[in-house]
Structure formats: C-alpha cells, structure tokens
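Pasting the structures in now, so scroll down.
Presented sequentially are two complexes of chain A, the first with chain B as partner and the second with chain C.
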Partner chain A sequence: MAELMHDDAVFRPKPSLPPPPNTVGVVGWLRKNLFGGPFDTLMTVVGATLIVYFGHKLFMYGVVNAVWEAESYRECLDITGGDGACWAGVDRWMSNYIYGRYSVDERWRVNLGFIVLAVWLAPFWFPRVTQKILVGVSAVLTFPFLAANLFLGGDPGLFLEVMTAIALTCFAAVWLNVAACYAGYKSVGVVIVRVSGFADKDDRMHKWVLLGAFGVGFVLAFLYQSTWDLAEVPTVNWGGLFLTLVISGIGISSALPAGVILALGRRSKMPVIQVFCTAFIELFRSVPLITILFMAVTMMPLFLPVSINPDKLVLVIIAVCIFAAAYMAEIVRGGLQAINKGQYEAAQAMGLNYWKMMTLIIMPQALKLMIPNIVGNFMGLLKDTTLVSIIGLYDILLMTKASGQDPKWLGMHTEPMLFAAAVFFVMCFCMSKYSQHLEKTIGGGYGRR
Partner chain B sequence: MKKVSLFGLGAGLLAALTFTSEPAFAQQSTLDIVKSRGQLRCQLGTPAPGWYELSDSGKWSGFDVENCRAVAAAVFGDPDKIEYQSVTSAVRFTAMANGESDMLSRTTTWTLFRDTQLGLDFTTVSFYDGQGFMVKKDMGIKSALELKGATVCVLTGTTTELNLTDYSRTNDLGMNAVVFEDSNVRDNTFFTNGCDAITNDKSSLASTRAKAPDTSIFTILPETISKEPLGPVVRQNDSQWKDIVLWSVFAMVQAEEFGITSANIDKVIAETTNPEIKRMMGVEGDLSKGLGLDPKWAYNIIKTVGNYGENYEEFMGEKTVMNIPRAGSPNALWTNGGMMYSPPFR
Partner chain C sequence: MAVLEKGSPRRESRSFGEWVNDERVRSVFYQILVAVAVIFVAHYLFTNTTENLKARGMSSGFDFLGSTAGFSIAWTVLPYNPDDNYFHVYLVGIVNTLTVSLVAIVCMTLLGFIVGVMRLSKNWLIAQIAAWYVEILRNTPLLLQILFWFLAVFSLLPRPRDSMSLIDLFFLNNRGFYMPAPVPGDGFDLTMIAILVAIVATYALAVWARKRHFATGQRFPAFWTGLGILFGLPLLVFLVTGAPLTFDYPSLQGFNFVGGVTVPPAFCALLLALVIYHSAYLAESVRAGILSVSHGQTEAAYSLGLRPGMTLRLVIVPQAMRAVVPPMISNWMNVVKNSSLAIAIGYPDLVAVFMQTSLNQSGHAIEIVAMVMLFYMSVSLSISLALNYYNKLVQLKER
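Showing the complex of A and B:
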C-alpha cells in the first residue's frame, strides 16, 4: 500500500528546531539558575564573593600556611606567626581524641568491640538473610554487656559474665543463621532441628531443641569468656570519640524502643499507665539535658548509700537514655496520630488484638512516616552528648580542649575544634544520607515527595 | 543550711526505702577508706598548664598534682596509687561532699565562706596567687592605676569579675569589663587588640602570655588586687585525714628548708646529725603515730615526689611555660623573705 501513496501526500513532521543556544548546556543552566534576572545575578555575585573569600581564607589557613610537622605549638607559631593551622599538634593528639585516656596497650579492645558490632549488624544488609529483626534485637539487648566486659576488663562479676556469654551465643547464632541462609535453608533453627532428628515432632518440641542448642552454646561461650584475662580500664579513663559513641550509641539504641513504649503508654486508656507516662515525658522533656546530667552525677550519690557506688558513666548513660526516650516518645506519638483512624478500625475489624494491631498495622506505617524526625532526633542526641564534658567526662570535645592546655601545645584551640567539627559533620551527614536511603527503600509511596 | 537538711531528708527517705545504711564516709575515717580501696581519689580541674597538665600519653602532672602524689606517697609509699578525677569547677565541691573525691587539689581559693559553709576544710596554702593585670608593653603603662577608662577582658562567673569591678570603683578608674565565657576566646580577643588589658590570677596570666604568638610584647603589672591563697581541701570533720594532707604539704616545704631533695635524701639521712631531720624521716622517735602512717611517710614523699622547691621549678619555674619568678614572691621560703613556712617536725 505504501508505494501507492505519493510522498508529499503524507504528513511528515519536520525535525524540531534545536532550542535556542542560550537555554541549553552550561550557558543555559547558568542563565536559568544563577543569572535569571538582575536580582538573581546580584545574589550570585554576592554569594560567589563570600564563598571565594571565606574559602580562600580557610584554604590559606588550613592548607597553604598550615604546619604539618612540629614539636610544639610555639614552633608552629614561629613558622606561621599564627596565620596557619598547626595540624602537627592535632596529629600528635589524634589517638587521644579517639580513645581518650584509655590505656595505650589496651586500645585494641576498643577497636575489637566496634569491629564485632559492625560484623554483628552486617547481616542486616545481606539480601538472603532471614530473621533480620532478631539480628537487631539481639545486638541491641546483649551487645552493650559484651562491650562493657570487653572495654572495662578486670573482674566483671557474674552478671556481666553471664550476659557476655549470652551475647557471644547470640553473635554466633546470627552468623550461623547467615551461613544457613546462604546454604539454602530457611534459617539456622531449621538446620538445628533437622540435625537433632526431632524434625518430625511438633513445634513445642522444636522450641525445646532450639533452647537446648542455645544452652549448649551458652555453656561453651561462658567457658570461653572465663578464659579472658583483661586488664582493668576504669571508666574515668574512657574518653574521646570512643566515649561519645558509647554514650550516644546506647542512648540512640534505647531511645526508640523506650519511646515507642512511652508513646503507647501515653495514648493508653489505662489511667495509671497514662498518667505515669505523661508525667515522665513532660518532666524530662521540660528539663534541660545538662540539669538532668547534673542531678544524675552529683545529686544521685548523695541519695544512695555508699555501699552502692554507681559509676559516673553509668549514671550519665541512664540520664541520656531517659532524656532521649522522653523526646522520642513525643515523636512516636506524632507519628501515631498521623495514622488514619480507619487503619485502627480495620485492624480491629479483622479481629487483631491491641499488640497485633500495633505491631502489624499501625507501627510499621507510623515508623515510616517518622524516619526524618527520628533521625533528626538521633543527630541531635549525638551532638548533645558533648554536654557531658561539662560534668568532666572526657568526650571528644573535652579532649580537644585538653590538648590546647598541654604545655607543649598551649594555645592550640582552633585546630582541634575544626577537627571535632569535621568528625561530627561526617557522622551526622552519614546518618542523614542513610535516613534518606531508608526512606526511599522502605518508605514506598509515603516517602519524600 | 536549709538546703542541706532538705537533701538530708531526701537522702534519709531514700535510704530508709532501699537500704538502711548511712553514707559510709560519715562513719569510717577517710584514711581507712583510702587504705582499703588501695587508691587515693584526688580531684583536679580540667587541664591547665602548670597546675594539672594532661600529656598526650594520658599522664597527669603539675604543681597541684604533686600534692596528691605526696599524700599517696605518705599513705601507700607509692605516689602513683591515685585515681585522678578531673572535674569542672562547677561540680568541684559537690564531688567532695558526696564522697566521690578524698581530697581536692585544684587552684581553689581559701575563703571564709567556702571553709565554713560547704562542709569542707582547707588545709594549708601551697601557692599564694593574686589577681593582676597584663598589658602590651608598648602601651607604656607601669601601674594598674594608669588603666583609666581601659577595656579589660575578664572571665565571667568568677570572683575575678567581682574583684575587677571593686578595684575599678575603689580607685575611680571607670574600667569597662569585656566579659567572656571561654578563656581561649578571651585570650584571642586580647591578642588581637580587642581590649587594652586582661585580668586574672597572675599565674593564669602567665599561661595566657605563653599562648601568645609573640610572648615578649606583654608585661604583667606589679599590682595584685586580690588575695588568692590556693591549697588542698578535704571534707570537714575528719581531722586525722586533714592532718595527713596538711603535713604532707608541710613535709615538702620543710624538706626544702633543710636542703633535702629527692636526689640527696639518702645521703643526708646517712650523714646528718640534726635530730629534727631524723625524727621527720622516721629514723628516730614515733612522730608518725598520730597520723596513723608508716614512720617513713615523709621520707617516701621527698624521695618520690621531691621537695617544694623542686616541684616549683618543675612546673612554675623559669624553664617552664609558666615562668613565674619565685624570688621575692610570697611563695619563696620564709628564710628567703617569702611566706612558705612549715611548723616544726617534733
């Protein structure tokens, strides 16, 4: 049929003209975004001037005029006259910024602790691994005790030893589970049940088998950890970034569960629970963190008999946890209120009880909505932990200040602060980026729009 | 006292609810607690050059640290059996009151209020400090009385600020205080001509000067406008412990008067005919009995920590960043016209 038609009888669109040259490419982008009008142009010029001016200053101070090798701050000053950064001092104190006054020979324990945590949580990001909730829950509930034993050393006492053994067993279980999943099984539990020969029995029997396997693991782990012989490093020597991470890490990991419980309690219909939770939240939300820290560290020991000698760090961590939980509770409550009433009614209509309704229907939706707020709160908490320097815990901020009081580095003040700022920026920026990633992957249609 | 009784009530209630034991430091002597713990808990401030320096290897040293080391040497014979507690000045007295620290040695001025109203006892003065002014030499000022209408950089929330206003009013100088929260910011402002003068305790002025890009252009004016006697502090109502701390400091002063140093102590004891030295060093008599210490307590202090003059040279002397001349100051021995004076060891 085509050959019957004349070419000029067919509508042939001409190729469209190229866009005007000044609207495409670099020039176009610049015109559109930076020089769209007189006001835009002015703003661009002012902004660029400021960036160049301060960028140049910072570059000159931090790189061009900076001193990288020196024995004292005086030497730096003699070289630069105060116009350049003295990174030599920061370099000399670097390991103290990270570990505080933790004994130099024992610092491998800190490294090991954080490596264990990273390895423990790694299966979260393995696509084929099941039971991811258990990975997280076991790490949050038991890792702090393993870490406490590892970092503290000395004679940990029976409680810590037991908790350490449980933690080690959980750690082993998590990685056996990874192995089982990649070997094609559903979970490590299935493998254990099959190996034990009780596979054809009922579920209750399976539970007992798993419990027994856990018990065997526990005994082995207990025997293993009792061979540990670690020198004691008292918490007063903990410091630097390590201490910051310990306090904020425990605060962050306990804030969400505690906040969820408090928020549910506040919305509860049971008057005692509701009043208690409301009072708790309102009390600790209305008081500055520094006040809570002061109360915990200086007033609590006055109220306690001396036979109970609470560690300062423990008191601080408890105070931070309480504070963080109170704030988190209100964020969670906000998230809960954003959920349509129909969701509750639908869940109830399906015959779900309160806990099933909350854990299966409401919370998953609410938590998705809350991600930006939650992460924002975590970042705030991370930065708030620098307040512990006021009550004399040598976190990264106080360590950076201390380095400027070392007679050799007397007057070194700006450089350590810049370093600490950079550390906090990196940590917070990573958290922020990860939260955006989370929103994209689990937020679905409710994510950022 | 109202506050204290209120806290006491709270403490009592809580103790009754949970455990029926009282705070142990109220019953047991501090010496017993320290001995059974095997460590002295000594409170310092956050690092400050000269006074309590924290090295990059995590070790404490300094003029005030030597007081702690002396007490540990007296009690244990080992100056390193110490848990250093470095706390900010905001909580220094509560940390004493709640039994956290056994003693405090951290540039704390002895005042009547503190000695009587905080449940604390000041032992003695180990350093006589006083507030002064520092200016740039090229201002050509020779006396603080010439600072009429000057702007003066000062830290807030300390008695320093109060002393400055008092001095300005008394002498009708009309000074303008520029108030700072952070000493580094204050110092930088002064260095960059943000104020004409800076005021603080003279020992702190010395460390401020040491931070400057060019230390030679500053001068500390002769006037001392306040008395700041600094020394170790213990909890009230434990006179045995107070005596131990007090006489540990005296031992260092007395040793300097005798010319005994950590280097020559064994030689001096072997050769001396002076009975007071023999008594002090535990060769004769039983002077240590009342203190409840080993007869060699003073020997251990001097041998391991050194005498007062050695410590001064090491941390405040002309070879240090502090560079505070001792001759002619109240911190010289009384035999040299200063105020360092130990009661006799007999």
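Showing the complex of A and C:
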C-alpha cells in the first residue's frame, strides 16, 4: 500500500504503439482496398485483367496502330489492316462535324456568336459583380435573337432587328455594369444616375433616367446593327455540333421559364388552369421525344395557315421546347413541394401577394434545391438533341454518319462515333461536375441538407 | 355572376375597387381568360387543319386502318404479311416494341443491380470500374450508343459462313443471332400445367411460412423449398410424360442459316444499347437507395443478434427497396419510350412501321400520331398506376 503514496504511482500512460505495419501506408491501403480476402483478391485480379486487356486493345487501336495521315479510308485500311483507327478521316471531316455545311467564309459568325455568349455570361464568375440575375435573364431572353440574326444573315425583318438591338444594348449594359462594379460603384445604374445629375431626385425619377439611358443605347445599337450586311446562310446548311448546341441551347433557355409557369399552373388552385397545365405536362412526358418530333414535322404544318411554310428547324425547335418544358415543369414542381409550408404562410403573413411571394421567397429557395435536377435535365436534353438526326437534320451525329458514307471514307463509322462520344462525354461530364460544385457552394448556404 | 355573389353574402353593395381586388373574382376571370384563349387557339388550329386537308385533297378519319398496308416488315413477332391492313401493322408494331422493351427491362434490371452493388464495393478497383462504367454510359447519348453497337459491332461481324458459335447451338453473324427453337410435342401441355401449379404452390407456401413465422417465431426455409417445387415439379412431370420437347436447331445451308429462332442485328444492337445505357441509370438509383438506409439500422440489427445475411435480407434490403423501386419503375418506362430509337437502325418497332412507313404511305398524320401517342400514354399511365399502388404499399406506416 505504501507504494501508492509514492510519486511513481501516478498513472502515466505509455505512448501508444505504432499501428501494425501492414495496416498503414501503401501496403495497408492495398490490403484494405484490394486484397481484403480471397474473394476480394479474386475480384481485383479479374478486374485488373479486364482493364489491362481492354486498355491495351484500345491503346493499340487508338494510338499505336492509328493512322494520322491518309487520303482515303482505303489507304487507312491498307496501312493498318483494320487494326487501327483512321483519325485522318476524322481530321479531314472535323470542320463538318463542328459547323455542318455552313459556308466556310461565314463560319466566323458562328464563332463570334458563341464568343459573345461566353463573354456575356462571364460576369457570373466575377466575385464583385452585382445583379447577376439580370445578367442571366438578359442573356436568356435576348441572346437567341441576336444569335438568330447573326447566324441566319440575309434580311432579318424588323422584329429580329429590334430584338438584336435590345440584345446589343443589354450586352453593353452587362459589361458597363462590370466596369462600374470594379470601379467601386454599386452598379451601372448608380453611375448613370450620378452622371446625369439626378442623384438627389427621388427613386421614381431614377427609373425614368435609366429607361432613357437604355433607350439611347437601343437607338445607337439599332443604327449600328442596320449597317450589318451578312450573307444569308439557310438553316438547311446548319449542322454539326453547332446545330446541336443551337437546338439544345434554345430548348434549355426556354425550358426553365416555361417549366416554372407550367409548374405554378399545375399547383394553382384554379381548376381550369390546373387541368390544362397537368394535361400538357402529362401528355408530353409520357410519349417519347421522337414521336413529338414526328408530330412537329408531319402534323404541325397542317395546323398552320396554308400560306405559311415553316422551316423544319423551327418546327424541331418548337418540339424540343415543348418536350423540355414538360420535363422541367415536373422538376420545378418537385422543388416547390420541398419548400416548407411555413415559408408560404410567412410570406402571406408579411402581406406579399402571390407573385411577390413566389419570386422573392419561394422560387429562390426552390431553385437552389433543384440545381442538380435542372442540370441533369439540361444534360438529358443535350443528349436527346441527337434525335433530330432521325428526321434528317444534320446534327453532329448525322454528320458522323454521313462521313462514313462519303465515297472517299466509305465504311468509316467507328472513329467518327468515338469522336462524337468523346465530345458529348466531355460536355456532360463537365456539366455534372460543375453542378456538384454549385450544389456545394450555393445550395448549402441556408443550412438545408 | 351568381357564383360571385354567393361567395360574398355579407355585403350587398361593393365598390369597383373591392370587386376587382377580390381574389375569387380574379381567379374566375383568369380561368375564363385561359379557357377562352385555349378554345380560340384550338379553333384556329382546327380551321387551318380542315383547310389544309381540303387543299391537299386528303380525307380524315380512321377508315384507312382497314385498307391493305402493302409493305413488308423485316422482322415481326406476330405473323404478318403485306396483305394485312394498317390496324394489323399497328398491332405488329406494338408487339415488336413490347418484345424488345420487355427483354431489355429484365436484363437491365439484373445488370443495374449488379453494377449498383459493385459501385459500393469495398474493393477500390471494382468500385472504380463500376463508377467509370456509369459515368461513361450516362454521359453519352443513347442514340449514339445504339448506332455504335449497330454500325461498329453488329454490322462488322463475320459472314454466316464464318459465324461465331457457342457449342454449335447459338450462332452470331452479320445477319443476326440464331438460337434453337423449342418445339413442344404431345403431352407438353401437362408440363405447362405443372409449371402453373408449382407457381401457385410456391406462393401458398410463402404465405403459410410467413404466417407461421409471425405466429410462432419459427422460420421455415421457404425460399429453398419453393425453389425446389418451382423447378422439381415441372421437371418431374416433364420426365414422366417422356420429355415431349424437341429443338429446331439452326444450321448453315448455302449462304445462310435455316431453322431455329433468328433475331436480326438491329434487335441485338438495340437490346444491348438499351440494357447497357439504362443499367447505368439504375445502378445510380440502387446505390442511392442502399446509401439512404442509415448505418444505425445495421448496428441496431447486429445488436439484436441478427447475423449479417439476415440483417441484409430483413433490414437493409426492404428499406432500400422503398427508395430504389420508384426510380426503377420510371426507368422501365424510359426503356419503353427509348425503344422508339429503333427507327434509327431499322428495327421495325411501332414508330418505325406505323409512324414512319404507314404515315408516309397513307398520309393520315393526325390519326397516326394520335394512335402512337395513345399507345405510349397508356403504357406510361399503367406503369404509373402500378407505381402509385406500390408507393401506397410501402409507405412508412406513421402512427
């Protein structure tokens, strides 16, 4: 007992032993993740064998035995004996896969259009820029008209000219706003009001000043765009990845607003509106896209007045928009249902009317919840756009098929399809990874999930 | 008007402002507005259509269904010849669509579950393989995959003379897939009856075992016994009646195979693409479903003394299925819908034979589009009814 009184009797823990060597480091990782037991080891061996076998085959086919310089598919076959890819043909057809049969001299317009869109949307990623919603809304609502004017050329007609001018003004406003934000102001509106000398007047005056500034910009833009003299490129010459992006882009940008309206209609308490919206959504969700496309191409011309002979591309775009809107409506409805009823009640208790409640309280929360599904829907639409090849629009898929029917490159099917698959994979993979990133950064902001 | 006054019986007279700002008045106003707009658009489309039909000298109505189709169809499940009428073409198309969809659904479900479980494997390599399988297949268009299998795989197979064969019973070449066809002999009906009896008996056994388990706590090996009955009874009857089943084997005669069952390359390519593409989607649902069961459930089951196998079967799987089945069923619906892409490679499904060939020949666009949409809508409607029924069945029973 006496020993306990001694200082040494105080409990001093020994330093813990290091973990057994076979549970740490590379060996430990291997044991844990690859060779955990006899069955695990067997699976690893089988899996590794499969990977090595197919990886080797693909590498030999795509790289080692591949032909990069050739004049025809026959020449490729003579060199490889059919064991290697004929990338020479893909390279020769590359511009067609991207632009279709768009006139070579006019292809800068396609490039310019997509560059303008990228520059337009770039402020989204600038941290100091305010009013990002307006950036997105203006791009979605007005850019398609600018692009139509730019891509189509010829005589656009007054409507398209006006819309183009509005789009140009919006574009200028977006980038003036960026400049203003980085110069330390709150937005471009503040700058305009201050410069014009109405800063000390009341808010209602400010609105008119801004509208006037927009009007001046509009007139300038209208005069500017009327100097354009673009050669007409008919839509039958549009093709390749360009056409795929045009169709899916318009489908995507119209799907969100149309889907929101349909979803609100379906949840509305007014029976007539509810019935129409539900019928529309259910009808177009339950049939395959290809039937809607056939309907658009064969039935819609019958519905229109005899004098109108609509462009096939326009009919297809209408079909894609209908399809996308119906799917988006269900996603939006899911998002709205996920919002706590207390949010609606709180908004009503604050005295907000229906539209204010929806736009200020419900939709911002619901849209954040919906991001993964919306992006998934966009990816689906991008992939589904390939169906237009069935009714004879030369999108990227039909272009790859056409290259295999070219007399010089007869029989070249695998290589162009691998190329197209890679293009789609890169686009969709990036979108899905970006949506996961968005989900983390803005979706979690309110402590949900 | 009467409706409005009934809605506000308290006051006799109201100012215009109050009246306009009444939510019920507005609601009725908007609804009338929408209804009028829809009716107006419908009327506009209808007049245009009648004018168009008159201008093109076309008739409308379903009379054309009785006239002879006159074209041949490459491959049909139902017997068909070009003298049959358009309505028969419609049925042939439906059966062809349903055939490929059903086979695809069965295979896709199996493969999807396997890949989904593989994605959750503790083995890093296996999980990675499954993850990349899912990523690559989900991020490329289905139509591209169908064309790839058709143009780059099934069209490049050897000629019939150099067919790939499996134990000389199954042959694969660029004309399709050949397999032996069963030919039932006399007395085979008895075996079919035995199969039915076995199914009923197994079901009854399962019900009885479950009841006994709940009543006494004793478990009965219903699964293995059921399996024994299911296979044993028909086999016994089959052998006792003298094995009345022969096979018609495919054999090479001249340039092609004769006999057996033939499936065209387009069917194989479509089936393979549908199975692989949709299995990737199903795998994700399966993975999410299994992950949705909290780990506490496993621990609770272990602490109750259940063995790992029983934990999986009695605790994890039933709860995971609640999350897996709804997306799985909508996946099945997508298989039926996406089988319409068959048209791109010439498999004669409903859209190909009816919406394309028949429509081009007869010109009855509206009727044909409506009939095709009706078919797909009824399929999707019946599937969603089944889904609703299932959801009611498995809904959490909240107190």
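Note that in this section the second predicted complex is superposed on the first by the 426 of 449 C-alpha atoms of A that agree within 3 Å, B and C clash if a C-alpha of one lies under 4 Å from a C-alpha of the other, contacts with A are read in each partner's own complex, and residues count from 1 in each chain.
Assume contacts are C-beta pairs under 8 Å (C-beta built on N, C-alpha and C of every residue); 3 or more make two chains touch, one makes a residue touch a chain.
What you see is a predicted model; the values in this text were computed from it and never measured.
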Given the alignment on chain A, is it a clash or a fit between chain B and chain C? clash
For A:H413, is the partner it touches chain B (first), chain C (second), both, or none of the two (neither)? both
First (chain B), second (chain C), both or neither touched by A:I390: both
Which partner reaches more residues of chain A, chain B or chain C? C
Who does A:L302 touch here: chain B (first), chain C (second), both, or neither? both
Answer with first, second, both or neither: which of chain B and chain C does A:T44 touch in the superposed model? second
Return first, second, both or neither, reflecting whether A:Y185 touches chain B, chain C, both chains, or no partner chain. neither
Of the partners chain B and chain C, which touch A:K401 in the superposed model: first, second, both, neither? both
Between chain B and chain C, whom does A:F294 touch in the aligned arrangement: first, second, both, or neither? both
Given the touch rule stated above, what does A:F222 touch, chain B (first), chain C (second), both, or neither? neither
Under the stated touch criterion, which partner chain does A:V104 make contact with: chain B (first), chain C (second), both, or neither? first
Do chain B and chain C land on any of the same chain A residues, and which? 294, 298-299, 301-306, 389-390, 401, 404, 413
Give every residue of chain A touching chain C within the complex, in rising order. 33-34, 36, 40, 43-44, 47-48, 50-51, 269-273, 276, 282-283, 285-288, 290-291, 294-295, 298-299, 301-306, 379, 383-384, 386-387, 389-390, 397, 401, 404, 413-414, 417, 420-421, 424-425, 428-429, 432
Chain B contact footprint on chain A (complex, rising order): 77, 81-82, 92-93, 96, 100-104, 234, 236-237, 294, 297-299, 301-308, 312, 389-392, 394, 398, 401-407, 410-411, 413
In their complex, what parts of chain C are in touch with chain A? 27, 30-32, 34-35, 38, 45, 48-49, 51-53, 55, 121-126, 129, 135-136, 138-145, 147-148, 151-152, 155, 337-338, 340-341, 343-344, 351, 355-356, 359, 365-366, 369, 372-373, 376-377, 379-381
Quick one: which bits of chain B touch chain A in the complex? Just the residue numbers, please. 7, 10-11, 14-15, 18-19, 21-25, 46-50, 53-58, 83-88, 90-91, 94-95, 97-100, 184, 187-188, 207, 210-213, 320-321
